[in-house]
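Letters are used for the chains, namely A, B, C and D, taken in the order the chains are written, and counting of residues starts over at 1 for each.
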């Protein structure tokens, strides 16, 4: 069980700000592939991964990072603060 | 006739903030040599010219700049504002 | 050191007064503030800033600690707003205090570069025709290179 | 654009409020202020700043105009005090307003570098043992290199 959060246009395409997902995936990439199988909205949201960033437990990571029992994972576009 | 101004430790060594000087000097350097002839306090103040800056009519210039009928000339140490 | 992520506006003058803590080693204070400016079509109605609560505070603290250490800062301040902001509204501010001006300038630029593309905020520009998410620019990403 | 050489203190918050003139192209404001800090022997009583009246205003205007043109600034401000200043007193401030943060930062640093070694001010540090004129440092002179 992992809490998956979405922000900005990723959130809009997925349609929810967060959800709880039951998964056996070992890495971020495997989780993404698993989500893309579920429904077209995930396929659309994750169609260009170069435009998406990931954070595990509120720290930026890569798509090949292992989930390792993470509590929280978030997907979002590049930040535009400041 | 030219108004000669002194600032910071140059002023302290010369002993006056400014004076009116009658001169036929063509360049800043000639004026400095002329002043140094006058009295020891000028010789002391102008002993190390690498530590002194000059401005003619309130604009920085060099020691070989021509006086060219300048109204005002100033001698001072490198600036330390900001 | 103070970090605040907030909905409400802030007063730069008051913040800088509180900030200047009277340490007699401080000789230089740099502050930056960002303002909602118009877009290129001059049609901006307002801006919405989304954040990732929990991660924002953590990420900013990280970069502030890095800056304090790297430039021996005596103090550092980051305020970043989220929510709805109108044209001309203050978005955020950064302030740094050091012995010499170079350290204060460098650390403030460093913090801005990191806030811009590493703190989890997303800007949305709302016009009468709809809205669009502000795109990150390559410049902001490559700005981080100089700090490595 | 405002330049002021003055004896009295200034209020950074008020200055920045007046400064922000409501131009909706302004997205970034950088401000710097210098403070009288202690000397290395921790014996500073006060500081005296001498100026060359007439030349100061002229020289600063020059550098401000250069900065406004080079970085397309929407506004620029320089305030510099002279006379007697106590430990912790504000000495001077610079502020710049631009569309993007890089221009605001660069122009503020440029102005500081020029004010430091090209505006006719001289600082004197007064301690209980007497006083000494602050020496210019080679660093300040070479800081100008990057703007050529």
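Just so it is clear, contacts are C-beta pairs under 8 Å (C-beta built on N, C-alpha and C of every residue); 3 or more make two chains touch, one makes a residue touch a chain.
Note that the structure is a prediction, hence the values are computed from the model and not measured.
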item	value
Chain hops separating subunit C from subunit A, counting only touching neighbours	1
Chain of greatest Cα-centre distance to subunit C	B
Centre distance in Å when subunit C and subunit D are each reduced to the mean of their C-alpha atoms	23
Subunit A and subunit D, separation of their C-alpha mean positions in angstrom	48
Inter-centroid spacing, subunit B versus subunit A (mean Cα positions, whole Å)	72
Per-residue multi-chain contacts in subunit D, two or more chains	34, 101, 112, 116
Sites on subunit A at which at least two other chains make contact	82
Which chain pairs touch, all of them	A-C, B-D, C-D
Complex contacts: residues of subunit D adjacent to subunit B	34, 49-50, 52, 54-55, 58-59, 80, 91-92, 112, 115-124, 133-136, 141
Partner subunit D, residues of subunit C touching it in the complex	11-14, 16-17, 20, 22, 24-38, 42, 87-88, 99, 101-102, 104-105, 108-109, 112, 116, 143
Subunit A to subunit C touching residues, read off their complex	5, 7-9, 55, 58-60, 74, 76-82
